[in-house]
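By letter and in written order, the chains are A, B and C; residue numbering begins at 1 in each of them.
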């Protein structure tokens, strides 16, 4: 296995607030790495640094051996990092098919419009949105929009997929089917870095977990190790419900 | 060619070509003047639609391209003795360069801030030209009638300018269609819907927006050169009339924002309606107010415009009406 | 120096009136994110209101102003219901166009009724001499009225319950709704206040310069420049922006032909939009 993403002492500040503080970790090709931590721990900010929405003040981010620190988001996308947002961002007035075609055409493979359409149709089939292809994206329900967000990212044929709380707001049946989609994506050889609050899901699907708290990495390891780590439990004490589910996972 | 098999391409192109050819067939000078105005509006609206309808940037300064192309063309013809065609092309090239530089700078602004900046640019350029003595300052320039000899006399020159106006109108509509149905156009639509999401999806938005801005600048510049050549004189007030940018926006809204056919239908409808109101005894004095009420009703009740409404209401017509 | 100082003082006095006009525009933008393209037409409405009351009924302009103040709030609230409320939440384009449509209606009806002949209010308050500076009475009073209005607006926004509600809605409409502030009424009132400021400043301008039905465009553009100088959505900044614009207008003609003033104004406008979109006072 080789390293696909290297986060090397990355720091991102907003004025006096340090949102991400000297965070380092490695991501192996083909693995699913869960990124967890209480609200405000800096998870989404770290995603924004990785895909170029923010430029970190310090540290480096290496993707497949290339330094991508501070590159604009579109350049990062073209290199093969795709992202599904926590707050879904469908292109409302475009059809579902067009949304996914955008992902395909402007993704890693830089496809022509015709090829992009074909890839988009395949991906819609894969995530189970095929019959909605001609519907305007704004008209989908929440679960469908989440799938669309995922489909658009997948159509880019990325090496690395950043998933930001794609399970939030889904009912248990929808969560289960989305988890199947995530596993199937990994089967295709795509590496996944996912932020997730749904503890049992992330523990279940991840190979390894990194825990952030107040912008710092406080733990890293297998789901079991992390769930039994006293520092992690302490970090979650502010959120008893999460702490409880974390403890349950540890058993 | 995919385009040539697409009925919606032919619908848009043939409407413009046939309407444009009509005065050539009848030989009517007044028919030519009416149609010339409509074609000019088609050019202004179709090109503006690339930035406004496809990319989602409200440009109140679109007319600055018309004015610049007009001024450069007019100067080259009247002062330097150039022929109309190279003069118009030179005007379009300079205007395109101006748009490239301007776009790279002001397209960083979004929403209302961009719209305001375009107003500022139009007014700054207008005020600059007013103070530019070589271009005639506030009075402008007048064409020496002898210049028209090269085109077979003043009468014939009007027909030459008209023929070229048809060509430019067709080019602008074909460009609009080409952009709308291309991968580049899909990228623009994505920017219109959510620019930040588009960036994350891999669209190099700054470059795409600037290209769209430059494309939208070329056709009004050509139209400006033709219009003022035909007009025989040019002055800052006519060349940089902020009001005309807004009229262009009204035409686009009337016909259908973001569609190929919409600006064509909107331009024709608007010109006819205005012509009717101006000559009708009841509405003559109230034409502006009437147009305002109409615009308000459209925005509130038919926000997608005529063509957009048809496309939404009858999905089957989408194949024919792009 | 003999020319410069009087010219600057004059510019400063007029700057207060410009600033007042721009406050109306910036208030509406700040509260509901709407760029009001009927602003110029509303300024003209104020001009003609004061003018007609003076010529037809013989009412002194400053009484006319008071009537414009009330008429402005009512008209603005009505306009909000017709042209703004149905379109809030839509794309930016829709309110830009609807307010422009309102402007077309006002200017269209106005042109039909009054043609575009220039008018002026034949009214003088004499002049005061301070050192070697001669100040026209109407200008001093106009600046004074503008200052009173600006202070009044400030007190209203920061000291009254309704004013605080407006600021809350401006900050975050959804959150304001959640704590029970009726955002629709507040938005309507804000548009009313913005309209009132436009009409009152129009009335003041009418006592200073000749005008016609199409004059609004010029003052609307000035208001845009001022709003950007002061930061879009920042009423205090608008007053400062007005003073800066007034000073530029007093300053530039002393050194170069007066025709260059708009070139400088609009270039400055675009540059400030680009480098400090939040205005001279705002954070970067």
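As a convention for this text, a contact is a pair of C-beta atoms (placed from the backbone, for glycine too) under 8 Å apart; a residue touches a chain by one contact, two chains touch by 3 or more.
Because the structure is a prediction, the values reported are computed rather than measured.
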{"item": "Maximum centroid distance from chain C, chain identifier (CA atoms)", "value": "A"}
{"item": "Which of A-B and B-C has more C-beta pairs touching across its chains", "value": "B-C"}
{"item": "Interchain centroid distance [CA atoms averaged], chain A/chain C, Å", "value": "49"}
{"item": "Inter-chain centre distance, chain A versus chain B - centres from mean C-alpha coordinates, in Å", "value": "44"}
{"item": "Averaged-CA centre spacing for the pair chain C and chain B, given as whole angstrom", "value": "32"}
{"item": "Sites on chain B at which at least two other chains make contact", "value": "none"}
{"item": "Chain A contact footprint on chain B (complex, rising order)", "value": "182-183, 186-187, 189-190, 192-194, 196-205, 258"}
{"item": "Chain C-touching residues of chain B, taken from the complex the two chains share", "value": "52, 56, 58, 105-106, 108-109, 111-113, 115-117, 119-121, 123-124, 126-128, 130-131, 138, 242, 246, 249-250, 253, 257, 285-293, 295-296, 299-300, 303"}
{"item": "Of chain A, residues touching chain B in the complex", "value": "51, 53, 72-75, 77-78, 83, 85, 89, 91-94, 98, 101-103, 105-107, 112-113, 116, 152, 156"}
{"item": "Of chain C, residues touching chain B in the complex", "value": "29, 33, 35, 82-83, 86-87, 90-94, 96-98, 100-109, 111-112, 217, 221, 224-225, 228, 232, 257, 259-260, 262-263, 266-267, 269-270, 273-274, 277"}
